[in-house]
Amino acid sequence: DDIDIVLRCLSEKSFSLVVLGASGDLAKKKTYPALYALYRQGLLPPTVNIVGYARSAMSDLDFRNHLQTKVLRGGSAEQLAHFLARCHYVSGLYDSRQAFSNLNDVLLNLERDSTSGPSANRLFYFAIPPSIYADVAGALQPTCLSTTGWNRVIVEKPFGRDMASFQELNHVLMDHFHEEQIYRIDHYLGKEMVQNLLTVRFGNGVFEPLWNRHYIQSVVITFKEDLDLQGRGGYFDHYGIIRDIMQNHLAQILSLVAMEPPATLDAEDIRDEKVKVLKSIDPLTLDRLVVGQFGPDEAKTRGGYLDDATVPQDSVTPTFAAAVLYVNNSRWEGVPFILKCGKGLNERKAEVRIRFKSVPGRLYRDRAPPNELVLRVQPDEAIYLKLVTKKPGLSTSLLQSELDLTYKSRGYPVQYDAYERLILDAIRGDHYLFVRTDELEWSWRIFTPVLHRLESERIQPFIYPFGIRSPPEADELIARHGYTGPSAGYEWKPPSGASL
Amino acid sequence: DDIDIVLRCLSEKSFSLVVLGASGDLAKKKTYPALYALYRQGLLPPTVNIVGYARSAMSDLDFRNHLQTKVLRGGSAEQLAHFLARCHYVSGLYDSRQAFSNLNDVLLNLERDSTSGPSANRLFYFAIPPSIYADVAGALQPTCLSTTGWNRVIVEKPFGRDMASFQELNHVLMDHFHEEQIYRIDHYLGKEMVQNLLTVRFGNGVFEPLWNRHYIQSVVITFKEDLDLQGRGGYFDHYGIIRDIMQNHLAQILSLVAMEPPATLDAEDIRDEKVKVLKSIDPLTLDRLVVGQFGPDEAKTRGGYLDDATVPQDSVTPTFAAAVLYVNNSRWEGVPFILKCGKGLNERKAEVRIRFKSVPGRLYRDRAPPNELVLRVQPDEAIYLKLVTKKPGLSTSLLQSELDLTYKSRGYPVQYDAYERLILDAIRGDHYLFVRTDELEWSWRIFTPVLHRLESERIQPFIYPFGIRSPPEADELIARHGYTGPSAGYEWKPPSGASL
Amino acid sequence: DDIDIVLRCLSEKSFSLVVLGASGDLAKKKTYPALYALYRQGLLPPTVNIVGYARSAMSDLDFRNHLQTKVLRGGSAEQLAHFLARCHYVSGLYDSRQAFSNLNDVLLNLERDSTSGPSANRLFYFAIPPSIYADVAGALQPTCLSTTGWNRVIVEKPFGRDMASFQELNHVLMDHFHEEQIYRIDHYLGKEMVQNLLTVRFGNGVFEPLWNRHYIQSVVITFKEDLDLQGRGGYFDHYGIIRDIMQNHLAQILSLVAMEPPATLDAEDIRDEKVKVLKSIDPLTLDRLVVGQFGPDEAKTRGGYLDDATVPQDSVTPTFAAAVLYVNNSRWEGVPFILKCGKGLNERKAEVRIRFKSVPGRLYRDRAPPNELVLRVQPDEAIYLKLVTKKPGLSTSLLQSELDLTYKSRGYPVQYDAYERLILDAIRGDHYLFVRTDELEWSWRIFTPVLHRLESERIQPFIYPFGIRSPPEADELIARHGYTGPSAGYEWKPPSGASL
Amino acid sequence: DDIDIVLRCLSEKSFSLVVLGASGDLAKKKTYPALYALYRQGLLPPTVNIVGYARSAMSDLDFRNHLQTKVLRGGSAEQLAHFLARCHYVSGLYDSRQAFSNLNDVLLNLERDSTSGPSANRLFYFAIPPSIYADVAGALQPTCLSTTGWNRVIVEKPFGRDMASFQELNHVLMDHFHEEQIYRIDHYLGKEMVQNLLTVRFGNGVFEPLWNRHYIQSVVITFKEDLDLQGRGGYFDHYGIIRDIMQNHLAQILSLVAMEPPATLDAEDIRDEKVKVLKSIDPLTLDRLVVGQFGPDEAKTRGGYLDDATVPQDSVTPTFAAAVLYVNNSRWEGVPFILKCGKGLNERKAEVRIRFKSVPGRLYRDRAPPNELVLRVQPDEAIYLKLVTKKPGLSTSLLQSELDLTYKSRGYPVQYDAYERLILDAIRGDHYLFVRTDELEWSWRIFTPVLHRLESERIQPFIYPFGIRSPPEADELIARHGYTGPSAGYEWKPPSGASL
């Protein structure tokens, strides 16, 4: 169906893609590389016009030179040349109707000249800070929308700092666009394994019967980074790990893991079910949360969070958080959903771990460790099911092994970036992997109270050494909720690990 | 627990193992090689005495020479020498009390001389045809049993040709031994994957909830050989594939797949549950059975069954059979258990295939092939679960893949023969992998009526070309019972196939 | 919580209830009697003003006299006097802004004089034909809404004749009111047992685990009348039984029986789930529908449908219909939902019958009839569960009996009319028992195609004798879908039947 | 099938029924009244000979006179005369072969004279104390068995005081009779509702899916008496309530409630499953047991247990016990089975109460009391299912009611005594309601250790006032295991209670 995707894109109209904030970091790191990758795979219409917009005065040529030297990687010389030829640049202020009217003229000209004809669809990628959304939307909407096709906007997190600021920010957009025109990116939804979640759950008869409180002991959703702030200290300190990772990425994954089967696979039906999950979760409270901040590593070879020059000396911003949520419905009552995320840990890893209950009865009591189904999001996408077998040979003892599907070792390359997937879907008009207003509202409802308490009471995070596997404070919290950490002495290794 | 197994063997008594029929084919191919393998692994007591008994006059030295040159393989020269030193030979008639009294004297002498002292346990391995069981048991029991330890006998199939002949044969044994002294070998029960069945089912919380008519569409138990008669035509033609394979090996595997959780893992509790399964199966009828006989291969490069010189020209003995059984209880009502076995097919393979029902609802209707859990018994032991995932990449279509545990590729060698397992268990006194009288009675109850009809009515088997994958007559039968054969276009390959 | 209900009504504002079409049949038969009953039970604020509006010129006194003599029954003289004192009358055209402006003045005066003060909530009851909705809504909305409290409207079926006419009719309302202001009555939702459905399903741990395709064989929703047209032939012939009963009442009950547990018991969450059910049902096709028309009774003592003077001589309008629908989701796949409704049958009865599957296995095969859970909506509200017991006494045979909860025999009177419930809920602002736009759209999507075929092809209904229990054509249809009618020889009788 | 039962009895042979201990209490209170009742119902062969045997010298006439005046009640004069004519009497010592040889002569004469001919079946009813079983069995077996038909013996509790004494007592019987000849009465198994247990469980599709740890919170099996010792103090003090009621009656009921579906309804298959349950229960420990002894009632109008002249002054024998057992298998893990029994309580009642878990999720959290299925064994046989409904009327609150099947109010009389059922089954050769050796062994294995501790440590029972509903010590124990007693404010009343 790859062809199919392309064909929908190659509809009878022209297609203009406007990157607002074209000279910024996001555009450079994510938007343009993804567009270039799509272009090379034939997943953008060959006649697409990609128009960068920013304040800096630049010619098309300057901008293409910038792209060529600093942004785009890979592809043949011919591919690069063709792509650059589709790239244009317009400079202007973000709050000026005049400037956007000028942008509109440029677009109209490009569209008129296109072999696809003057009718056009337009996609506006907001690669700009939320603080100027109001200006941009207010200036753009009356001047710059296509009157001959659809108009869509892509926006990205942060979606506010709490319920109130989200709603304020959102109203700015909703004043000028309809919900169905807005594509809010949570780029974790573009990850292969996250997309795969619904297929694995609902496309396999063997999982759904097990997917409930009778058989699942707990669900652990983990996001770990082995990095420090990477120079983003100013931004990060304003948000903290809960807003940066937990409230959006982890809450989104949770809702995909926990949702009921939707009526259809249409985006709205799926998002309805995700909202239903979030609605069933009570707001997080302090007794079900621990927050930490990384200090120097154990060898004292590097500084901690507070040693970062971009961070206030007395910051209580958490770089690690673990929370336990419960989904109060008949499927999930009593099953802890454990969200863990942190920077400055021992590895980079994101995964969903479904731990099943121990086998009942006394046949294998205390001998058979519980089954786990693990969806490894990154790195090295894999699905594996830990299971117990007879230890091969003349022994009669047990062995914990796993049924495994590691993508690389099976020859399934996953070589695209989440942004490619998401931009492609926005072009295709599929909202499935984008976040709806009510999803964010219900999610903020869960996290806002505890965020306010952390800040108003300046609650001190515990300090953990940079590079630790998991802070004991987190282990203790989740042990209280019945999850006892990885089976002692067991470590998953991809079956043909050497080749990874 | 390997040590533990050895320690139980190394109890405070002497241990004598008598191989009746020591010069025969079974002793040569299976019994002595297995004993030698156990000995080398330290799983026989170092002071064991292995006494061969047969009619041919031979000295210990002759017999050891025979073993050394024609029977035993592998091991170091030292291991071989030590093992041979434990081997003795006594010749005698099978129906002579005097001869067995003589054997007893030999045993008493060996035991008296043993460092383990005169008290002794004795294991009698009946590597002799059933036709002389009566003579042997009648002569042996009054003369040759240990009075200072346990006595056990190992016997092997064929266990009769039908209910009546089984019962007659069995009474011969039961007149002289108690049920708990008798170890009836079905060597398929010694296969790694068959032993593993209960562990996989009851040691993993994820399988038992799925293991019923709500989720399982069918169970296929397959035994295929790519061989012809290998010179056993006389024997085989008297029995046919149903008696040779289906009534014992496949029925045993079926009962392990279908049984309820036992009260404990003790042998009697497990065998009680196996009997309960067989009791719940109605006798097989002709409308749920097809039988075939291999003809020449398609290229006519080799003859068919009737071309074998050892086979009667008008034989209607089946070399292939497929049958559908139903277990009439609340777990299995309506689920076909499909037993397939045959010689002269395209490959050598034995496996259990649990096919799950298609996912209900319309989300993935007609798109997601059903899950299957496959336990591959031979060759290349493996467990794999076929499942549906999103096709990796920017596509949104589905891909059928599998979660896999192939023993070899995971580095789990299975290097023992089933006979080693079984002899070891008989020494340990564990009946779990041996067949109880009532199991055989209930199994014969299932197959006897249809066997009698096949023979009394001389029902002609269909003829299939040697080397075929599966006769269409079998496919048609099982399709009528709702099983539609392998998903088109899908073939399992071990994930790192090259290394197998 | 009755008090609680009243207290919400007795809020700090005045409350005006306007009955549009006050002199019509609906107002007379349903609206005013229900208001009077509520008033007598203290469930209307004592200061309510009930203002009738219609074209006929009448004074308040005339109208009160009309109510007293022709409409209101029961209550004490004092209750009647008090109620009548709250009743007012305004005459005017339905399409005149001036007239409604006049109505507004009357309301303002009444409210200003009320002890509850000038701020007021207003409820407009559209007891008028849909054909004048456009006029009324257009004239009322700009002139007559309260600016100091909420405004709500109650409307009733028919909600169009098909998808297109419903949407047209609905737009008329939606142009002037928001969805949350509109209360669409399906009066079956006001029946005690229908309201009870969610409580029985979700308030009892024992039902939900059984409520799915694994255990339920079929669901039969029946509506039978023993009446003929009762003079409504003109109206009825225009609609027919499918539109009159099946598309609304039965489809509503179906969606309550089949829905997933909602996130909360809030009206919108419940209606979301009802929509999800309807969305999962494919449009009805002719092969899953039978339609009939009653003829004379068997004794020829009365005429049939076509003998009714108000009916066209060649009418093919069905007075009976049976349809089989499937809910294509993972809970219900393969379970037939059988909807049966008809006039001119042997009795007046409405019930929901959940038939469970027969017990699996052979213990009671062919001996134990399947369990059924019956919710009897009318008459004689009851819940009963048919079950099998040992026949009491020294016999060992079985007996079919039932666990019973008949409201009357348990001393639970159900003495209110559905309209009381619904008007009360509209006042309380609870939409749970009212029908949302999308419910009607999805329901019309199911029934419109087959209605169009019946009419465009003038498909002849079979003729059944007036007074029959169930036409054999219906029995044959549903037998094809696996439901075999009531167990032979079994008839439910309320346990203490004599007293009913 | 009543006729059928009779017909099996009326086989072609004579039938002799010997009551050993014919002049004793059991014979008087239970055996002869039951035989008379069966005779009157035509459920004994008209040619039966009932031969009483005891030490006292009496003629047939004396004995018939004794029966007529002191034992038999009801029936017509003609029925009585006919029955008495079938009654004979033989006196003799219990340890004399000569005496039993004499009894044999009498039986042979009666059988020879019978119209049914000299071939005869014989049933020996041991209405004698266990202390003389050895003598009786030793003298009877060589002299008095029929050689022309079957021989059976009925024995009654007590079956020992613990494992060792049971095994000793049992060997006495097993030395002379086969297991299949022995019918051990637990008269609770003859109660209508206890017999009904398997039918309710396995004959109704709706119960089995709920019958497990996922849905059942606890099972309470209660036996209460409002009586004191009734002069049996000597006997009772030697045994205590655990041996008198819990180890046999309640353990039997437990095994019927908890057992897996048997392969068939044959007695041996059912008893196999009952044993499997008992095998899965760990021996009871003191921490899961409370024992009490009744004292004077609260008003001090009557004495307590120790005030009974037949009871030792320092007795620590319990008259009340509550125990919590767990069945360690996959169906029941974690579900407490609560056994409660006592004398001197507020009422006479025996019932099985299956409490289901509360509904999961938050829809009805804290509002809906859990469902309970109650099987009332005595008095007033009933089955009822407590459930939650909407409170009828305009309220929206909940009401706890029940689906009910009270036998009397439904017109199902239960007018036979358990002994009639059991004697009839012994005659029919159906072991289903009799207790097998291994059942008693596994049951004693559960209770013996705690009984030994109670006695060796002379553990003091708590004292409760005569006439109490339930001692708080018991409530506290079972609350610790998650069962919180009857829902506050709820009391079951048979729906038409007045008529009971």
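To keep things simple, chains are lettered A, B, C and D as they appear, and every chain counts its residues starting from 1.
Criterion: a contact is a pair of C-beta atoms (placed from the backbone, for glycine too) under 8 Å apart; a residue touches a chain by one contact, two chains touch by 3 or more.
These numbers were taken from a predicted model, which means no experiment stands behind them.
Engineer: Hey, which one of A-D, B-D or A-B is the same interface as B-C, over half the contact pairs lining up?
Structural biologist: From the options A-D, B-D or A-B, the copy of B-C is A-D.
Engineer: Quick one: point me to the chain whose Cα centre is farthest from that of chain D.
Structural biologist: A
Engineer: Whole-Å distance, chain A centre to chain D centre, using C-alpha means?
Structural biologist: Using C-alpha averages as centres, the distance is 66 Å.
Engineer: Indicate the whole-number Å distance between the mean C-alpha point of chain C and the mean C-alpha point of chain D.
Structural biologist: Those two chain centres are 53 Å apart.
Engineer: I'd like the Å distance between the centres of chain A and chain C, where a centre is the mean of that chain's Cα atoms.
Structural biologist: 46
Engineer: Two or more other chains touching the same residue: where does that happen in chain B?
Structural biologist: In chain B, the residues touching two or more other chains are 202, 208, 214, 261, 264, 280, 329-330, 359-363.
Engineer: Chains as vertices, touching pairs as edges: which of line, ring, star, complete or other describes this one?
Structural biologist: complete
Engineer: What does chain C use to touch chain B in their complex?
Structural biologist: The contact residues of chain C facing chain B are 213-214, 280, 328-331, 333-334, 359-363, 365.
Engineer: Spell out the residues on chain C that touch chain A in their complex, using ranges where they run on.
Structural biologist: So the residues of chain C in touch with chain A come to 208, 260-261, 263-264, 269, 272, 276, 279-280, 329-330.
Engineer: For the complex, give me every residue of chain C touching chain D.
Structural biologist: For chain C paired with chain D, touching residues are 1-2, 5, 41, 43, 192, 195-196, 199-200, 202-206, 208-210, 214-215, 261-262, 264-265, 356-364, 367-368, 370-371, 373, 381, 383-385, 387-390, 392-399, 401-405, 407, 409-410, 412-416, 420-421, 424, 495-496.
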